[in-house]
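As written, the chains take the letters A, B, C, D, E and F, and residue 1 is the first residue of each chain.
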Amino acid sequence: AQTELVTPTAAAILAELARFQRPPMKVQAVGIGFGDKQFPWPNGLRVWLGEPFHPAQPEADQVVLLECNLDDVTGEALGYTMERLFAAGALDVWFTPIFMKKNRPATMLSVLAPAGEAETLGLILLRETPTLGLRITPPMHRWKTGRRVREVQTVWGAVRVKEKLLGDEVLAAAPEYEDCARIAREHGVPLAQVYTAVQSAATEEGGGYQP
Amino acid sequence: AQTELVTPTAAAILAELARFQRPPMKVQAVGIGFGDKQFPWPNGLRVWLGEPFHPAQPEADQVVLLECNLDDVTGEALGYTMERLFAAGALDVWFTPIFMKKNRPATMLSVLAPAGEAETLGLILLRETPTLGLRITPPMHRWKTGRRVREVQTVWGAVRVKEKLLGDEVLAAAPEYEDCARIAREHGVPLAQVYTAVQSAATEEGGGYQP
Amino acid sequence: AQTELVTPTAAAILAELARFQRPPMKVQAVGIGFGDKQFPWPNGLRVWLGEPFHPAQPEADQVVLLECNLDDVTGEALGYTMERLFAAGALDVWFTPIFMKKNRPATMLSVLAPAGEAETLGLILLRETPTLGLRITPPMHRWKTGRRVREVQTVWGAVRVKEKLLGDEVLAAAPEYEDCARIAREHGVPLAQVYTAVQSAATEEGGGYQP
Amino acid sequence: AQTELVTPTAAAILAELARFQRPPMKVQAVGIGFGDKQFPWPNGLRVWLGEPFHPAQPEADQVVLLECNLDDVTGEALGYTMERLFAAGALDVWFTPIFMKKNRPATMLSVLAPAGEAETLGLILLRETPTLGLRITPPMHRWKTGRRVREVQTVWGAVRVKEKLLGDEVLAAAPEYEDCARIAREHGVPLAQVYTAVQSAATEEGGGYQP
Amino acid sequence: AQTELVTPTAAAILAELARFQRPPMKVQAVGIGFGDKQFPWPNGLRVWLGEPFHPAQPEADQVVLLECNLDDVTGEALGYTMERLFAAGALDVWFTPIFMKKNRPATMLSVLAPAGEAETLGLILLRETPTLGLRITPPMHRWKTGRRVREVQTVWGAVRVKEKLLGDEVLAAAPEYEDCARIAREHGVPLAQVYTAVQSAATEEGGGYQP
Amino acid sequence: AQTELVTPTAAAILAELARFQRPPMKVQAVGIGFGDKQFPWPNGLRVWLGEPFHPAQPEADQVVLLECNLDDVTGEALGYTMERLFAAGALDVWFTPIFMKKNRPATMLSVLAPAGEAETLGLILLRETPTLGLRITPPMHRWKTGRRVREVQTVWGAVRVKEKLLGDEVLAAAPEYEDCARIAREHGVPLAQVYTAVQSAATEEGGGYQP
């Protein structure tokens, strides 16, 4: 165990220039070699050859976030407010449990809105909740992956699968919730079994993942 | 059940031009008519006539949000910090439960501050909590409704009610918490009964809601 | 300010025997008297005369709580599981955000079940979630108030109100959520306005609260 | 649409005797028949023939829950306490965010323990946290499914899969987290892709789900 | 690195009989020895000699937990309810954020009560909150450490310190919150500085920790 | 008690000009005087003489916050994602429990990133989680205190302490978690005892706090 594993020169070069992280890349070949010396760990070297991955950038659009803190409203009323906000075009609506002054458990209501819809959605918030004020963030970027819907066949019929795309790469394929839930309800099958079956079918048809 | 309910032309027009949503409006008249045909649902038509509601815009001011994540402080100390921040002019202070690295349940402390008070409040945060860093958002808008306080009479005496105004419209009237809590404590009445009584009195006096 | 406000004897008696709390009671008369001396606080005495309130006990039944901690399931699947559990007779189902080992944000799923339904509901949990284990509390008491539904009239039509009873006493009258939500949706009125109107109507008709 | 869909007698029988729920059962055959009449919904009938499923009961053991509320400890210290409790034999340890008096965000620490280990684990809690008290539930049942580990082959090598068993039935097959995480780290692949690949392999080898 | 570190016999004995955990014990002596061989880790042996620690058991009493889930109450009202419950003798009161049906963020209210006070506190819950039902656990044990209050001197005056005792052992000494908060407020010092000063004083006076 | 405590003129001046708050200041001298009159409270006056504290401003840098809401991922996968994000240079990563549509308990994943690393970290998020979109805030300021590490001696050896600096002022000295945890593990001592000992040593050596 007295062998020099790296020359001082190499060490200096590595310390200056190397980044010990695999960059996003399209792998074209993987080579593996083994040395003769015996160490307490595998004496191997793996080389990945590929080209850096400059993804067709994820798309971006502009959104704003509307938020208010509510300690004077019931959960019942909040459930209803969520329904109204989605109906009026909110991109997303969610609740965060928070704790406010005077020992009050409370809820932060957040609405993600297209920049152009802030006013409409803000008025709904002011009308449907007791809040007297509303924060509106400056417009911010939203990166979005591409999406593409296809169908896969299962023993219970066709199910939609939403593919998530970064440039040409298919990152994942997610079974459509409503399709799976309907099948699970009608056939008395656990939802997880439907998901697994759909995902297996999607993986097979799609050719699976190629490392 | 073989009747045509809408002509193809009307359907095309509706699909292109209609928005199936009631816009914010001042209703001036409501007309209801019923048809002769029998359907499994009420064959009626309701028309709302009114003018679009361009509210005297809610007022806006500029605020910033100061935030830090704390996994090295006790709840005891956080309760005290909230007290200090309110005393120093914070518009709002709240805690959000979060989960941080190394299995640490933690707390995000948020302070809403007038844009001009960020520095003062930030220094309190740096002094009263162990945080080594502090995020400060760019100034953001806060929309605020108008507010007007009036008094209503109850069997236990006068109670303040905070009216919430959008332009001339009174959106809601909220009983003042401290008044109601005091009455509830002194008279041994559940707080909810005081609220209900105050709200009924406010509704009656105010003329109620006119649809 | 050198007056003796209480004699030593009285103080001793009070310290031993009195409980400084209004017991649950049916108030029959309230008397108020004022003294002549001037103090920095009102020199008055209020006496409540009544009989102790031994409420027709709230009813009790036996329930169990089924619980499991889930760090290997999606929120999507949990929403579906809640639906199945209610459909199968759960008295209540809820989610608590928890934090588990290995930096995992997770969810505790709780199901309140009639003691006799624990097995059926437990099997659904074992089938619909990935959990490998399930805690079942020993049967515990559930106290329940009486409930009675009546209708009140509003400008939008009749709305059901659920009265909460402790013995003969009506503690509160809660507008039925689904009725109010339907009206709010159909008439484009904020839900809170419907609630307030219904509650006022219920208070008026019910004769209000009599202190 | 004037056809009688069910005779009054059948309706009465159904109302009395039927339960509109698929019981846990082993399906032996599924028959589907279609009628001639045209309705707005599929005029079909599906019959599941099987025998009721009295599962080889999930196994049960006795556990207790140790709990304390902590508003005077840091998240840092709680992460360490979790580590100690697992090392000392806790079945599970988790944190729940709670809100305590004096505006204190706090944490409930829960420890699931074999009934015989309550004392040892309780002493660790009393030593490692500032709590002055500790709640211990009466022993409660824990239902457990069977578990069986097998290996499946992937392009990155073998991965363990934990099968979940109810009697003879395999309810699910969960890829072993540590195996998948190691592969994801070493090969620079998203963890989700490893999971999907493992699950597909497990489904295929296992013969999949047979409805 | 080819040395045998343990004989097969010793390994077998250890595997069968040893528990690799320090038991609760009173340490009487600690011996450390170092060997001659060179390993990549310290070649040392530490022996702790002591007697097992059978602590004067922590005291135990009987408590019950009252709980209800609330999706129809405001945070404002909950803060007030907490105040009433503490005033009426609750040992502890806390809020847990939960998520209920119909998209409702909600709060679980928990009250820890002496077994004999369940009824009184339960009635307050039924009166002050809109809940129609209330769960009451069977009595459970609460382990409590001993507590002893003493005073320590600081530059700002005397501060109480609460010692936590397990048998004769002082496990910790916690500065009294209200004393420290008062000093921090009056002297304009960060609360954490007061705590640290008090804790240092307590450690010094108490003789510190003796390993 | 009929003495005039303040002249009308002084009261007017105070009401206009005074701010009842101790400003950040370097205290140079504190004077205390007592009056002759007897009041129910100490008749004393404390004067702090010092110069306003314009701290060498806390340093500031620019950061962005990347956030996404996840209802389709397991806690297991999130724990892994946190590990990847820290490894890739995230300044902080945390989870907030939220509640999303369709009764889904969910998690907001937040990543604090140097403004220049947003793209790299964003790509990891898009790859490791199922999210189809990602919010990125505009750059915001982060105020940072100075930090300086020194060592203190304890009975278990040296421990690092991180001093927090505002200009020249040492605000606090926090024991290094990993050092304390290692000692606690190796010596079988409660972590809190190590902390307290280190903090006392740090206070003593540092000369303590000088009011």
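In the analysis below, contacts are C-beta pairs under 8 Å (C-beta built on N, C-alpha and C of every residue); 3 or more make two chains touch, one makes a residue touch a chain.
For clarity, every value in this text was computed on a predicted model and none was experimentally measured.
Between chain C and chain F, the least number of touching-chain steps is 1. Least step count on the touch graph, chain B to chain D: 1. Relative orientation of chain D with respect to chain E corresponds to a rotation of 120°, obtained by superposing CA atoms and rounded to a multiple of 5.
Where the sister copies chain C and chain D meet, the same residue numbers recur on both sides for under half of the interface positions.
Chain E and chain F have Cα centroids lying 23 Å from one another.
Distance between chain A and chain F, defined via averaged C-alpha coordinates, is recorded as 30 Å. The centroid of the Cα atoms in chain B and the matching centroid in chain E are 39 Å apart.
For chain E, the set of residues that touch two or more other chains comprises 72, 76, 82, 95-97, 99-103, 105-106, 127, 130, 137-138, 171-172, 190, 192. The touch graph of these protein chains is complete, with an edge between every pair of chains.
Residues of chain B touching chain C in their complex: 22, 48, 97, 99, 101-103, 105, 155-156, 171-172, 187-190, 192-193, 196-197, 199-200, 203-204, 208-209, 211. Only residues 21, 24, 55, 58, 63, 65, 82, 86, 92-97, 112, 137-138, 140-145, 147, 164, 166, 171-172, 174, 177 of chain D touch chain C when the two sit together in their complex. Here chain F touches chain A in the complex through residues 69, 72, 87-88, 96-101, 106, 108, 122-123, 126-127, 130, 132-138, going by the rule given at the top. Interface residues of chain B, counted against chain D in their complex, comprise 1, 70-76, 78-79, 82-83, 95, 97, 100, 102-107. Residues 76-77, 80-81, 97, 127-130, 177, 181, 184, 190-192, 195 of chain C touch chain A in their complex.
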